[in-house]
Every structure is written in structure tokens, then in C-alpha cells.
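Below is one structure, written out as C-alpha cells; the observations come after it.
All chains are identified by letter, namely A, B, C, D, E, F, G and H, in their written order; residue positions are counted from 1 within each chain.
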Amino acid sequence: MDELRIGDITLASRLFVGTGKYRDMEQTRAAIEASGAQVVTVAVRRVDLAKKDAELGRYLIEKKYTILPNTAGCFDVETTLRTARLAREMLGTPLLKLEVLGDEETLFPDVPATLEAAKILVKEGFVVLPYTTDDPITARKLEDLGCAAVMPLAAPIGSGLGIRNPYNLEIILTRAKVPVIVDAGVGTASDAAIAMEMGCHGVLMNTAIAGAKDPVLMASAMRKAVEAGREAYRAGRIPRKLFATASSPLAGVIGSKQ
Amino acid sequence: MDELRIGDITLASRLFVGTGKYRDMEQTRAAIEASGAQVVTVAVRRVDLAKKDAELGRYLIEKKYTILPNTAGCFDVETTLRTARLAREMLGTPLLKLEVLGDEETLFPDVPATLEAAKILVKEGFVVLPYTTDDPITARKLEDLGCAAVMPLAAPIGSGLGIRNPYNLEIILTRAKVPVIVDAGVGTASDAAIAMEMGCHGVLMNTAIAGAKDPVLMASAMRKAVEAGREAYRAGRIPRKLFATASSPLAGVIGSKQ
Amino acid sequence: MDELRIGDITLASRLFVGTGKYRDMEQTRAAIEASGAQVVTVAVRRVDLAKKDAELGRYLIEKKYTILPNTAGCFDVETTLRTARLAREMLGTPLLKLEVLGDEETLFPDVPATLEAAKILVKEGFVVLPYTTDDPITARKLEDLGCAAVMPLAAPIGSGLGIRNPYNLEIILTRAKVPVIVDAGVGTASDAAIAMEMGCHGVLMNTAIAGAKDPVLMASAMRKAVEAGREAYRAGRIPRKLFATASSPLAGVIGSKQ
Amino acid sequence: MDELRIGDITLASRLFVGTGKYRDMEQTRAAIEASGAQVVTVAVRRVDLAKKDAELGRYLIEKKYTILPNTAGCFDVETTLRTARLAREMLGTPLLKLEVLGDEETLFPDVPATLEAAKILVKEGFVVLPYTTDDPITARKLEDLGCAAVMPLAAPIGSGLGIRNPYNLEIILTRAKVPVIVDAGVGTASDAAIAMEMGCHGVLMNTAIAGAKDPVLMASAMRKAVEAGREAYRAGRIPRKLFATASSPLAGVIGSKQ
Amino acid sequence: MQLEVNGEPKEIEAGATVRALLTSIGLGETLVAVERNGIIVPRKDHATTPLADGDRLEVVHFVGGG
Amino acid sequence: MQLEVNGEPKEIEAGATVRALLTSIGLGETLVAVERNGIIVPRKDHATTPLADGDRLEVVHFVGGG
Amino acid sequence: MQLEVNGEPKEIEAGATVRALLTSIGLGETLVAVERNGIIVPRKDHATTPLADGDRLEVVHFVGGG
Amino acid sequence: MQLEVNGEPKEIEAGATVRALLTSIGLGETLVAVERNGIIVPRKDHATTPLADGDRLEVVHFVGGG
């Protein structure tokens, strides 16, 4: 059985999906289901006192999804820590997608702040899955701090650019001893397949599905793409060559002399 | 129902697989089945008088695969025509994968010879699916000659390089009125997904599956990749952007002033 | 001395420039001069009976440029041959840039027509430099027909996409015994440098210079880029590696223990 | 005049070269001269008590090169600061290429340590040019700390991979108010040209020149490539298009009807 | 007394507990979490934790995010 | 009489038909096709097409190919 | 007599040579080339080649091109 | 007295200055820089800065680097 272990969770699906930006709860439900994901990310936000609604959380719990709360929207260590603790209080589980953002324009992580927050949260018992740049040094530091996985971005959040630097990702994969999950930047199915073919252990995405014209169909595409990429990785692809190699035998063609 | 029509054949699967280079008949069978392909290519070769064996043909017919005989190994028009006619005589159906090769090192098509053979074979009633370069002019000529599809190469046969020139392929796709099937050069699952995401109508491959370390698993990967790419194409991917767009709401974070 | 021989011409500059699309004759002159090119392409067109003007031809002859007339705009063999013969009559020299175009949208060559015209023109004594696709089979046929060089396109004429398929170009370069000159598709300086670094013997361009905001400055850029690419090719670049190699010594840093 | 200002230095050449890894002093001299560089990087190392030799420093001072000492080889803030101060004491000028490395395998910077060292050194009056990842957040922080330029890596030091992530670099360029100099990763001339065409203000390299088979010829190639890329940037390249645009007029071809 | 709840002023009777606050807002206790002056109030303590005038409270739940 | 079958010489009795040839090789008639001197011999004519001395025959079937 | 020059009708006196035609158009003989009914008229023959009624002529020169 | 220079032990007469150390090594004062126990000794102070037993010195110059 080809399963992924993160902390003490064992997963058959390597696709992690977000729940933001869907048209409505019905579309959210249909897309998540079509994606086959077992782990689903959510954000922690103030209850809108005017129209409080816990429908999303209730649904995910009822359907037994593994909820992965994030600290999206946090731009400093303090807010990040408080948001993380609120998430744990709400859910009773220590799983956390750590994000400490650098600015709104790029939504790239703030590297020193992410490291600082990771250090504290690991000590507090969180199972930390940090969103990070594709910098191999930062990835290693996060691993050394005790993070349960590292989650380098493929490209800016919501950009749809795909894996912009496979070289850095390959260095991270070569060196990591924890799972490497590509987080952010996937645009279409082949992007997810490429990540898995490189040996990534999973892919996390939200906008690529929720922002597609048909999110439910795209969710299905992503499920198949992640599975295809993983199977291709395990199956061992053919080497790349400049010249051709025949697939049909060249001998035995009619008219040839023996 | 998202089906592909070529000539008067209607297909649910957009993956076309070859039957060359497998370890044995058992592996051939398992890989073809795992690929989900409905159309299967075969070569036409002299019966080896010492050890004649029609197992492959019998199996494909029994399992109701659509057999697509090729003219692989033919380097001139005359041999190509004779091979095509023998294939039709054997099978009783006019479907033909036309290949007239330029040389053994590249296995690229001989463009003028391919055009000449296509012209004659279409007139003789064949349903011609020609292997061609990614030259948009040649693709159009083949279409104008009455070919049922055009099958540009992604890269040299067996090279595993993937779609080396998406620009030419995109020009062909923009202009073609017959199905465009990428034939040759696919190396791994994402290559197939990319072809489908570009709007190709199908992908034909042999070495990428048969040459993988685990051909049956790779066949499954390819099946999913082609479906993923097709679904992503139909689902309408998000646009590419240089900067980020948040997937979690930026408002409602704790600690912020209203 | 690193010179290029084509037919019996010996060239110090490996940049070939067109003369179309400039604002006026003055800009044409300044750009050609800044490019350092020795070979300059021109088109053959009917004298406009209303405003005949031979200024371009006179200038090029006076400045001792090697004039390379083209058959641009010809879409059939007959018109191509007649245009070629008129060019030779006008100039008294057999140098010819052969173009037989497939259609106006792509301006890709018509491969069979190009081969047919090349065969006839070589027999008539022309020194034929054919514009062709990046198909290695066609390139070899043109060479076998006696062409003095082969000139594969990098991308569609005027598209500025650069070398869209370095793999095909590399196959052509590996096999060719005549000079390989990239013709069409260059967009900016690095595109020209890349072609030369791959081992191409020259680059021919027009729109990339004439269509730039400042054509004279771009001409200078192209001159330097072609020289830079050629020198880099001859100098022997470092190999590509995934990991780092220090350029400063790692020993002798202060504070370290011996 | 197209000049580059960094701190209060004004430069005509935008190529910065290192002095490591040459065969001998003679080759060092010839390569630096051929590169046309005005700024030359050096490392600070313990005098070897057995064979002390100040030839390099003497030569650079005599030839009036602007010496840019680096802190290469430093893996912690303290050693970096001490090395920087020693360099300033030796040279009497505050120019500094700041490197705080993460590990020997990647030679990627340690981002938090680089930020910390930059902060201190700027306060001490150094003109700090920091080597950094291509992370736009870190680049902005370095700028905000008062660095005189930012120097993102294109790829690992000595890897020769070229600009592996033009997207990140483009984001940095869009936002930076100080010069952006690509430092590390260039492999050949076109890599340098591409950096300059993107709008980078300079390129710093060592291994690409010193490690070439013919370093002096490669130095000349790099000089021309940087100039070519800069001129192309200033000249304003043509837009990229999928389809063709003729460079020769399509009207006036012989044989056509009016 | 006067509280600040999610950045907005809110009036509540003196001596109210966290649970009372949640009830007054119309929230149950599942799927929300409460922070009082920067410190989490565990769910089990909601009923026994009195609020004080000037307390700053954050009451959060899950929303769609990626 | 002497034939050339798939590029190799083959001796067969005079007057033999295509079907006889196939039988002598040990082949049935399904899943093979026969060309005689460059012209297809349709399956339905195998039994009635006599061979002649010096005939060049191609007998083909399907093999794995891509 | 009536000629077609570069796709347009042109009237010229009977018996005119190629050179006369070029002169009448205002062209010298350098840097142009002439084709008459699909065949090149070499420059050295311009003065001695008479035109005939109905001749189709192409008179070309170089223009900017790539 | 005993110094550590560039990580290696070095014996020098008591009361020697930085300049004396450099001279004893065979170095001039240009193009080198000296750090004593982690603090730069400016060139102008070389002649007047006495060394003490156990001092750790770093004496550096420029080498090729990138």
C-alpha cells in the first residue's frame, strides 16, 4: 500500500485541498468530494457577529475529513501563534499549516518569522506543516526544528504558474527526511503531476480548483493528476534521449532482403 | 458524454497504446488493460516461418480492441502502400496509422513521402492517421488530403522528451478541423496531461509505457494522466499571474482593528 | 581566425540581417552598420512604376555588402524559380536565400516545394541557402541536394519567440556537414546568443532589429550577442550541476581551528 | 551615458567578476581585463604564514579596479562581521559583498543570518551588497535595511544553471528601488544576457569564466553578453506572438494579378 | 460592563462568563474558540471564567481557506 | 517449383495454391495476409489462386508495434 | 502595341526593345531585371530584344526584405 | 610569550607589537589586516599596540574569490 505518513496520520490520498473561494457551500462540498482529498485546509477567522455560520466546520467533521487549520493572513509571529492556539482549541488536534506571510502582494512567507514561529509551535506540541519558500536552507532548518513536513511554494499563491524552480525543489527532495508537500502555485493538472513525478509526497492547492471555470471537474482532474504523477514516479519513467528508439521492430518489414 | 470521433469510430478513451517492446504477452495484456485504451497499434511483419505466432492479433480481436495497424519500419512510399494494403486485407478494416520514416537515427517522418502515401491511401479508402512532424503546413496538407486525424510527434519516437515545441502544436490545434493526436515522444504522465490540457484530442504512446520499470503501473498512470489533462482542459484552468492572490480571506484575522 | 565559409564566401561576421520594415532608408543604413553584418538580405519585387527607387540596392553595392536576395513572398515552385533567376540576373551572383512559403498565417515553408525548388536551383548553379523547418530529415535532404547551408527557423517569422525547439536544432547540428544558420524567430539578444552557443554557424534576422523600439541600438545588441554566443561556444562553458561549487576557497576563513 | 550607480560609485561596466579558481595570476589578469569589469571581487583569508603573497591585491590596486571584498566562507554572523571589518581595515573602503552561507552543499545564503549581519554592517557604515535567495520578501527587507543593492542568486554558486526562476527575479525587479545584481549561477553568455534583458542592473560571476576551457575568451564573451543584454533591454524588444509577421512585403511579388 | 469582541465594542452585564457571552451572541461552544486578552480560554472553562470590564475577546471559527 | 517466401527460397509442388502454401507452412488463414508479386491475394481467393514458379510472396501477420 | 508590365497594361510603340521600355518607364538598366513571358532577358540583350504585342513583362528591383 | 596566529601557535619575544609580529612573519603592513582577540587593530596603531601572552591574532589578506 502506497501511503503517506505525516506525524501520526496515514493517508491514501496525496492531494490536500483548501476550502476558500468557492461559490457556495454546495460547490465546496462537491469539489472536495471529487478531489478525493482526506486532508482539508481551513482558515481561522473571527466569527462575524452579524451572520455566524459554522456550516463548513460541521460538514468537514461530519464527513470525517482531517482538518488542517492554517494561519493564513498572519503577517507577524504573535498573531500567528495566537491563531494557531485558537485553531487547536477549536479542533482539539495539533495539526497546523503554518503560514507567516511577508506581504500581501506576493504572499511569500516571511522566512525568519516562519522559523521563529515554527520553533515555538513545535515546542508547544503542534504538528507543524510550514509553508515556505523553495530555499533548501530554510527547508532544512524547518525540518531540524521538528516540523512534520516542509511545504515549499511552487509559485505565488493563486498565480497558477506551476513549479517555477524544479531545481530548488529537487535539492530539497534530495535532502529532506520529512515529507515534502508542494503548497501554492499549481495552475492545472499537469503541474500537480510534475510535482509528484519529481518525488514530492503530496500537493496542496486551493485556487487552482476553486478558481477553475468548473471547480468540480477540475477537482477530479487534480485527483487523477496526483495519482498519475505518483504512479509514474513509482513506475520508473524511461530515460530522456536526444535521438529516437523504435517501438516497432525494424526487422521483418516486407520487401527486405534477408 | 465527452467522446472522441475518428472516422466513424467513437471512443471514450483518448489514450492510444502500442504493443511493442513488452517483456512478454502477459505483460502486454496487463499493460494494455491497465491503460484503459480502446485503440491499440500493431506492426505488420513477415511471419517468421520458424516460429509463427498469431497470439497478439487473436488476443486483441477477442478482447474487442480496435486494432490500428501501422506502417512503422517503412522508409519509402511503395513499401508503405503494400504494408497498408496487407494490413487491411488481414483485418478487413480501413484504419491505418501511416508512417513513412526518414531515417533510422531520428525516426522522423519523410514529409513528402508521407504526403504522397496519404494521398494514395485516402483515395483507396483507408482511414488514414498519419504520423507527422509538428509542422503546421504539413498538418494542414494532410488534413486537406482527407486524413481522419493528424498525429504530430511531440519528440523523437522513444526519446521521452515530452512536448518539445508546444508553440507549433498550438498552431496546429488552432487550425485543425480533424482530431490532433500527439504521437511519439511522451516520457511520463505529465507529458500526456500537458498534451491534453493544450486541447489535443488524444495521445498515442508505446515506449513510455513498455520501457518503464513497471509498465503496468505506468499504463495506469498514463490512463489517469490523459483523463486528468482532458478534464483540466474542459474545466477551464485559472489564468497565470506574476503576483499572488489569497485563497484564504485577508479580512477577519484576529487582533486587527475594525 | 574564426571565420565562416558559405560556398566561396568567407565571413568574419556571423550575423545576417534583413532590410525590411525599417522606418526609412536612413534607419536601414544605421541599423545595418551597427549590426556589423556583411551579408544583407533583400527581397525581389516589381518596380513600382509610379515611384521607382533603387536606393537600397545602390547603397548596399556601394558599401560592398554581400547581397543575399530572397524569394520571400513566393508560395509555389514556379514563382520561386522565376524570382531566383531575376535576382541572379540583377546581381550577377548566384547567392540565394530560398523561401517557398506554405501559407501567410504561419509563413512556415512548404517542405516538398522547397525541396523541389532547391533541387532545380542547385542544378542551375545557384548557391542555395534554404529557409526550412527544424525537421532534421528535411535539413539532411537539402544538404544532400547540394545546398550551401541549411537555415532552420527558430520560431515563426517575426514572432520573436526564440529557439522553440533546441532539441531538433541540436539533432540538425550534430548531423549537418554544411553551415546551419538560424533563420527567423529570434526576438532579442539572448536568443541569438543561445543559437550560437549551441553551435549554429550564424543567425539571420530582420524583425527583431527593425521592429525594436530603437532598431539601431538593437542592431548593436545583436552584433554583440552573436559574438558573445560564438565566443562562449568556442570557450567551452562549465558543466551544469544541481549542487554548488565554491568560487572562493573554503579554507583559511578566520576563526577556524587548524 | 548608460551608467550604473551603487552607493557613490558610478560604473560603465555592469559585469562584476570574481578572482577565484584561475590557473595562475597571469590568467587571472588576462581574464579580468578581457571581461572589461571595473568591480572585482576578492575573498578575505588568513595569510598563509609559509607562503605569503599579496600579488592579487597589489595588482588590482595598481590597475585601479574597484575591489569588492566578500565574506564568502562565513557560515555565522560573528565570523561574517569580523571578516567584513578586516576587509574594510585592509582596503579603507566600505564596499562589501555580504555572504552568510547556509551550508557547503548548496552554498545558499542563511536568510535570517544575512538579514542580521546586513543590519549591523549597514549601521557600521558599510556599503552592503548582499548575496541572497531570489525571495522577494528577503530582497525587500535587505533594501529596507539600507543595503546598496540586492544580489539574488540565479542558481547555486558554480552550478552554471542560469536563471532558474525568472518569475521571482521579475517580482524583485518590479519592486526594488536599489540596483538588482544577479549573483551566482550563470553558466554561459546567454544567461548573462537574459539577466540584463530582464532589467537587472548588473551580473556578478566567477566560475562561469574561470571554469571555462578558455577563461579569457569566455571573459570576452561575458563582456559582450552583458552589453548585448543591456542594449537589448534599452532598445525595447519586439513582442512575442504565436503567429508570423512577414519581414519582406507580401505585395509586389512577380506573377501576381493587380 | 464593556468588552471588545472581535475588535468591536460590546456591552454585557457585569459578572458574565465566557459561556454567557457566547450565548448572548447566539453561539454554541462547539466549533468556536475564545481568546481573552491574548490567552486561550479552554472550552471546559467557558462556564467558569468570568469576564471583566475592558476585556478584549477574540471569538473565532473556521472559514474557507487554503 | 521454386518460390521466394518472405525473402527466403521455398520449394513447393507444382500447381500448389496460396492456401496450400499457407498449410504447408503451418498457417491458417486468419490473421495473416498474403501478397503475391506485389499484389494482395484476398483471403477468399487463397484456395483458387495457383502459384507459379518464381513467385515472390509476402506472408505477414501482426506483431507488437507502436 | 499593348504590353502587360508588372501586371498592368502598358501601351508602347511597335518594335520597341526592352531597353526602350525601361527608358520609357524612366529606369536605367542597373539594379533591375526583366523577365519576358516567363524568361529572363539578360541585361546584355536588352537593347537587341524587340518586344511583341501581348508580351507579359516583369520588371523587378530589390526592396527591403528579410 | 606565546600567541595564536591564524589558528597556529607562535612564539614571540615579550613586549612585541603588532608591527613586530608582522615583521617577524615577513609581512609589510599594506594589504594585510590584523585582528587581535576579535578586535581590529587599525594599521596606524600597529607600531604602538603591544601584544600580550595568549593573544589570538588573525592576519588576513585578499585571495582570489567570487
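Here is the rule we go by: a residue touches a chain if its C-beta (ideal position, glycine included) is under 8 Å from a C-beta of that chain, and two chains touch if they have at least 3 such contacts.
All values derive from a computational prediction rather than experimental measurement.
Visitor: Check every other chain and keep only those touching both subunit C and subunit F; list them.
Guide: A, B
Visitor: Using each chain's Cα centroid, which is most distant from the centroid of subunit E?
Guide: Comparing chain centres, G lies farthest from subunit E.
Visitor: What's the farthest chain from subunit D if centres are computed as the mean of the Cα atoms?
Guide: F
Visitor: Just curious, how far off is subunit G from subunit D if you go by their C-alpha centres, in Å?
Guide: Going by mean C-alpha positions, subunit D sits 62 Å from subunit G.
Visitor: Can you work out the whole-Å distance between the CA centroids of subunit C and subunit D?
Guide: 31
Visitor: Distance-wise, how many Å sit between the C-alpha centres of subunit C and subunit E, to the nearest whole number?
Guide: Here the centre of subunit E sits 74 Å away from the centre of subunit C.
Visitor: Of all the residues in subunit D, which ones touch at least 2 other chains?
Guide: Correct list: 18, 20-21, 43-46, 70, 72, 82-83, 86, 105-106, 108, 156-157, 161, 167, 171, 206-207, 210, 242-243, 247-249, 252, 254-255.
Visitor: Out of subunit F, which residues touch more than one other chain, so two or more?
Guide: 6-8, 35, 58, 60, 63-66
Visitor: By the touch definition up top, name every chain pair that qualifies.
Guide: A-B, A-C, A-D, A-E, A-F, B-C, B-D, B-E, B-F, C-D, C-G, C-H, D-G, D-H
Visitor: Tell me, which parts of subunit A touch subunit B in their complex?
Guide: 18, 20-21, 43-46, 48, 70, 72-74, 78-79, 82-83, 86, 104-108, 156-161, 187-190, 193-194, 197, 206-208, 210-215, 217-218, 220-225, 227-232, 234-255
Visitor: Okay, in this complex, where on subunit G does subunit D touch?
Guide: These residues of subunit G touch subunit D: 6-8, 35, 58, 60, 63-66.
Visitor: Which bits of subunit G are touching subunit C when the two form their complex?
Guide: Contacts found on subunit G: 5-8, 25-27, 30-35, 38, 40, 42-43, 58-66.
Visitor: Where on subunit D is subunit H touching in the complex?
Guide: Spelled out, the residues of subunit D in touch with subunit H are 17-22, 28, 41-47, 49, 52, 54, 56-58, 60-61, 67, 69-70, 72, 82-83, 85-87, 89-90, 157, 204-207, 210.
Visitor: Could you pull out which subunit B residues touch subunit C in their complex?
Guide: Spelled out, the residues of subunit B in touch with subunit C are 102-103, 105-106, 108-112, 115, 133, 135-138, 140, 155-156, 161, 164-165, 167-168, 171, 175.
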